[in-house]
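Down below are the structures I want you to see.
Next come two complexes, and both contain chain A; in the first it sits with chain B, in the second with chain C.
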Partner chain A sequence: MSTARLTAMGPMVALRDLLHRAGIRPRLRNREAGLLLLVAFSLLIGWLSLASYQAGRLTVGDPSILVIYVALLTGVHVAFVMTGRRTDQVLLPVTAMLGGLSLLLMARLPQGLAALSLPGLDLGLAPLQLLWISGAFILLALLAIVVRNDNWLREYKYTWAATGIGLLLLVFIFGPEVNGSRLSIAIGPVSGQPSELLKVILVVFLAAYLAENRTLLARISTRIGPISLPPLPYMLPMVAMLAIALAIVIVQRDLGAALLFFSVFLTMLYAATRRRAYVALGLLLFIGGALVLYQLFPHVRTRVDIWLDPYADPLGAGYQILRALYAFGRGGVLGTGLGAGLPQVGDVPAIPAIHTDFVFAGLAEELGMLGALAIVFLYGVIAERGLRIAVQAADDFRALLAVGLTLVVVIQAAIIIGGNLKLVPLTGITLPFISYGGSSLFANAIVIGLLLALSDRGVEPPPPPSSGSRFGFGRAGAG
Partner chain B sequence: MDAFTLTLWLLRVAFVICIYFFFFLLLRALARDLRSTVNSAGRSLGRLIVVESPQGQPTLGASIPLDAITSLGRDVNNSITVDDGFVSAEHARLTFRGRAWYLEDRGSTNGTFVNGQPVQGVVPVGYGDELQLGQVRLRLERTQP
Partner chain C sequence: MIPERDHDRRDTPGAPSIGSALLRVGLSLALIFGGLSIGLGYWQVVEAQSLTADPGNPLVQAAVRAAPRGRILDRTGVRVALDEGSGADRRRRYPYQAMAPVVGYKSLIFGAAGVERAYDAELTGLAPLGPGGDVLRKFLSDPYDPSDVHLTVDLRLQQAAMAALAGNRGAVVAIEPATGRVLAMASAPSFDPDVVADPTAGPDYVAGLRDDRDAPFLDRAGQGLYVPGSVFKIVTATAGLGSGAIRPETSYPAQPEEYRTGFRVEGFTINDSERFVQLDHPLDLIEATEVSSNIYYAHAGLDIGAEAMLDWSRRLGFGAPIEFDLATSASQVTDGSGPLSGFTDRVELANAAYGQGETLATPLQMALVAACVANDGQMMQPRLVRQLVSESGDTLELQPAVLRQVIDPAGADIINRAMVAAVEGEFGQFFAGGARVPGVTTAGKSGSAQVGDSARPHSWFIGFAPAEQPRIAIAAIVERAGFGSEVAVPLAGDLMELYLGLPEG
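Let's look at the complex of A and B:
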């Protein structure tokens, strides 16, 4: 028996020695491998179900998209193993499952919803989405592997803020106007939505600023009569940054992004200071702002009116949300099955913008309430992992960065899922990792990539805290 | 209901079951991690953050978990080796007794300081206090989380 074991172990040991001599120290990631295997198996079943329904007989159809996707995931996993990273092992499989669901939906939608025509190459919706997802996962893997210290993020916070604002101004000046709003920027054949990238930049800036001034913001108050307000001078750069972002976003009429930025700002402020007064003040500002915007801007009023009563104009303004509600109803508990939902009129899908804003409604119809709940749960898992990474972070900046990055994904998902369900007024933002679109996928890939890098137990320790923080406020000692 | 419709229905259900099985495995992984955190939380009583270390030993910015008795000095047999010209081989000892930390100078040449005050005999120290041995400064902190 021992000889059998020796011959079995021999090649493994030899391989390990060979790798070690080449400077490669692989570290197995069994949990990630197991979870990814299950993702691949689930997607295979889903693909089988979809292709069989469409063909009318048991078949896998043309599984090239699925094969490429699984190969990509394997590649990312192997890269993590070979570089010996000790990063979180749950985030990649969860992201992979969301991306797989996206591909299943894109494969069954009319392929003409998005198209890229290059000489000798015509890509429809599903291949294009596969292309974006591949790019996103490669970006994610690169960040998770390459990022070994965070000084480039924490030291240049104002540069990052300026970059973000600059990006938005660029859109404002050069972006083409679509439906009265400028959302995207096009340079040659490449176009993108900078507000997706801006959300990541905003989180980096807020984390760096809050980490530096945390003690001040948490301790001192400016007293005006009976009200104890936060120290105003130290709030100013943050509030200014946010106000500029919000103003531009409102002028661009990207209300979803505005809502997202504001929520992330408030939650990060609370996470850094634990002062409920900030949250209360923020909510008051939000209510006041919402009322003013409702009065001032007709497009805001339309959104709210549709939300309150979509039946007022069922074939016009309320059409989209009503179709979505019918889709949820048709889906029921178990769903109609992949490929069986969404009766189409010719080549037009039942719900306008189903591949971007209404992916959740599309998936909920075909996978039913159970499938829709599973998607919500997956975002819940991302939240747990991200906050866990924050709790275990080595210093304030990393903790706040992890909190912000997690929230930006989860709050975005909550806003658009709520919008699809008519829980909140609909705002056009994407469902992270599921909606079609390169900008959204890349931005969210940066988020998960940075979270993975933050979770690595082998990264450099953070720089030492500057001796005695400003104005003599040390850390709280509970001696 | 013919065989094909039945197969299709089974595939649909199988897909949803797969997703939920995936979710179940995720939950199990989360629960395990949570439990291991809870178990390891009691193991370390506190930690020392290296605030200043001109010689690089211990590493600047490092967070060193503490046992109930931690000895500090230049000798390699100490729990924490402090490589600095002004630190004695057996310099100081940090102990956790009852519910509090105590620092004791072990007859060092250049003395041990807590928040700038020289240590005489055994003194209690609290979280947030800064210890100085030679040119090396360390801050006592709670274990996170």
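Let's look at the complex of A and C:
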């Protein structure tokens, strides 16, 4: 009995010894493996359903996209196992499910919606999205495996801030104008939206700044007579950074990004200080700013007017959102099934921008309310994991960074889902991991990668608080 | 052992803990995501059906072009609207022009009207009939299941009503009192839906009719607002008996004298038209109805009071559009501008009691009043459609529905007897005797409504037959055609006689 077991264990033990000698200490991730299996199984069912509907008989069609994607996920998982870090085991499967839903949708949309032509290679919508997703997951894996130290983030906050704003200015000066917005910058055949990257940079800056100054921000007030205001001198660098970022995205007419930046800023400020006055003041500023923007910019007015009454111009301005509502209505509780939604004339889909701004409406039609609720739930899981990572973080910077990173993904999702559902005015912003587009996928992959790295409980402890920077600055202004 | 970091976390001294703030952040996120889920439920469950049937929906538009449309049939199964041809040549045909006020039209150029509009989604096949039908249907390869619409209207009665109105402006509404089923709904002048739906001749024809000052596209039966005149006395009688303000034997001692001098209300004199009936005693309710005494009803109206008058007319359907398959206008007892519960003063109230003042009523409303009396005081939901039968065999029966018991059966019976007297009585027959259906006790009330600028009054009649077991209630009005007895009374009598003579079914 024991001899037999020893013989069976022999090769495993030998393999482990071999790996140990090479400096590799694998650590099994059973929970992640199980969840990924579930994801792969769901996607297989989805693919089967889609291909069978399109062919009119039971078939898997051409499963190469699915096969490549599952292979990619397996690769990331194995890499996580082999490197042996004790990171969160839920985030990867959740992200993988969202990416898989994206591929299912892209595979059934007209492939001409996006195209990349290289010599000898023409890629349509789905292969391109697979390309971006693959890149994104590799980036995510690299960050989750390699990042063990956060000094490069916390020590250079102003450098990061300058880089982010520089990137945006670059677009502002060189970017082409599309639909009245300057959002992208093109280098050769590849174009990108730096505002996606800026949101990550902004979170890093805010986390570093707030971690350093939050005692002062929470305790000290500037008094003007009986009115107690936040300590203005300490707010200044942070507010200036935010203002520059907001000004640029607003001038670029990227209202979705502006809304995202502002809400993430407010939430992080609250998390760092627990002062409700900040939130109230922020909301007042938001309302004031929104009114000013409404008066100042015709395109803001148009957006709001469409939101209030899309039927006023059903074939013009209100066309897109009405089409989305019809899609929701047709989907009903159970949905039409993958491939069966979206009546289209030729290669023109029923909802303009269905592969970017309106992916949620497209999926809600085909997967129904239950499917759409599942998608909302997945973002909810990201929120729960992210906040858990923040609570367990080793110091303030890591906690605030984890909160901010979580928020940029889930609030962005809420803004665009709310826009699709006509709960808030529509702003052009992507649904993380589902919308088509490399910039968004890469930026959100960085977010999840960093969150995974932060979740590792075996990582290097943070540097000791440097009393000079924290209290020196404070004393100078408190007197 | 790696220590749990949350136990030895370096919290900044003096700063609030981040952990407890995070709990609130998490709760806020949960609220936001809950809101999103509610939004999803709203569009995908609550609004799903109406979005799917919205005329702007590309699905609907595609179905309108591609799928054959259901037919519309009359009470006996005669096709009154149907598709002809196929593919690009397919067009809608309307073999019976008389059905125009009910059926309306469906045109790719002009949209839809009438039942074609009200039941557009069902005719196109986008609205499923069975419960849960929408859940299952979209899994089928052909998601459209057009339904045939079976009307309650009898083509023969409708044709007779339209023929009787020919050359005049006016309307006729006939209802089966026990079920609320509309048997005829005629409006004149009218139009030919078969030409409207004709892709070549349609545009010129419609342009011409739109310029017509007699408004042929207006459904006078449901939307025409007319001064009701004496037919409104049935509403006043209902209010009086219902509120208890008058009883069958109620009489006004001064009334015989006032017949000669006029009844003065705050300086305004109400007269009864000169009758050949000598009055030697105060009239009771039935006699007053028989001879259509304005003075009696003015007294009654003042006794009932503004509040109860409004309340009881509202129970009969006044004051709001009637819920119906087609669009309807709201009938009114007063325009509501005055201080006396909407009435300007007691003069207006007294005048309203016999259908002048600011009273306005649609023919449909007055037909419902007659049907309510005929049905023992119980008002039924008026319906134009009896059942829907889809191509795949699903059937939806629209069962008769009670709107409300307006007045108790005893009260209704008194009004019934008064209306019989108004048609068959010794004096009544001079006014409304022309409505009598041979061999059948007939009940009714005629009216000659004074219209400000016209020498000739609107000619009105409402009634029902047989009085003991009413099978048809009717309202007829011919605009500016003269006294009730001259035009509307015989017209309605002929239609009731025709209907009662039809073979059952």
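Just so it is clear, the second predicted complex is superposed on the first by the 463 of 479 C-alpha atoms of A that agree within 3 Å, B and C clash if a C-alpha of one lies under 4 Å from a C-alpha of the other, contacts with A are read in each partner's own complex, and residues count from 1 in each chain.
Following the convention adopted for this analysis, a residue touches a chain if its C-beta (ideal position, glycine included) is under 8 Å from a C-beta of that chain, and two chains touch if they have at least 3 such contacts.
Predicted model, so just to flag it, every value in this text is computed and none were measured.
Using the contact criterion defined above for the overlaid structures, shared-chain residue A:Ile446 touches neither chain B nor chain C, since it reaches no partner. Within the superposed three-chain model, A:Ile417 lies in touch with chain C and out of touch with chain B [touch as defined at top]. Contacts of A:Leu334 after superposition: both chain B and chain C are touched. Touch counts on chain A: comparing chain C and chain B, the chain ahead is C.
Contact with neither chain B nor chain C is seen for A:Val76 once the two complexes are overlaid on the shared chain. Look at A:Ala144: by the touch rule set out above, it reaches neither chain B nor chain C. Within the superposed three-chain model, A:Val359 lies out of touch with both chain B and chain C [touch as defined at top]. By the touch criterion defined above, A:Gln392 lies against chain B and chain C together after alignment on the C-alpha atoms of chain A.
In the superposed model, A:Leu125 lies in contact with neither chain B nor chain C. In the superposition on chain A, A:Val403 contacts chain C only, with no contact to chain B.
According to the touch criterion, the shared surface of chain A, contacted by chain B in one complex and chain C in the other, consists of residues 334, 337, 368, 384, 391-392, 394, 462, 465. Of all residues in chain C, those touching chain A in their complex are 2, 4-6, 9-16, 18-22, 24-26, 28-30, 32-33, 35-37, 39-45, 47-52, 54, 56-59, 62, 134-135, 138-139. Listing the residues of chain A that touch chain C in their complex gives 86, 211, 214-215, 218-219, 267, 270-274, 311, 314, 322-323, 325-326, 328-334, 336-337, 340, 343, 350, 364, 368-369, 372-373, 376, 379-380, 383-384, 387, 390-396, 399-400, 403, 407, 410-411, 414, 417-418, 421-423, 457-458, 462, 465, 470. Per the touch definition, chain B reaches chain A in the complex via residues 4, 7-9, 11-16, 18-23, 25-27, 29-30, 33, 49-52, 59-63, 124-129, 139, 141-142, 144-145. Interface residues of chain A facing chain B in the complex, by the touch rule stated above, are 31, 34-35, 38-39, 41-42, 45-46, 48-49, 52-53, 56-58, 89-90, 93-94, 97, 334-335, 337-338, 367-368, 370-371, 374, 377-378, 381, 384-385, 388, 391-392, 394, 461-465, 467, 474-479.
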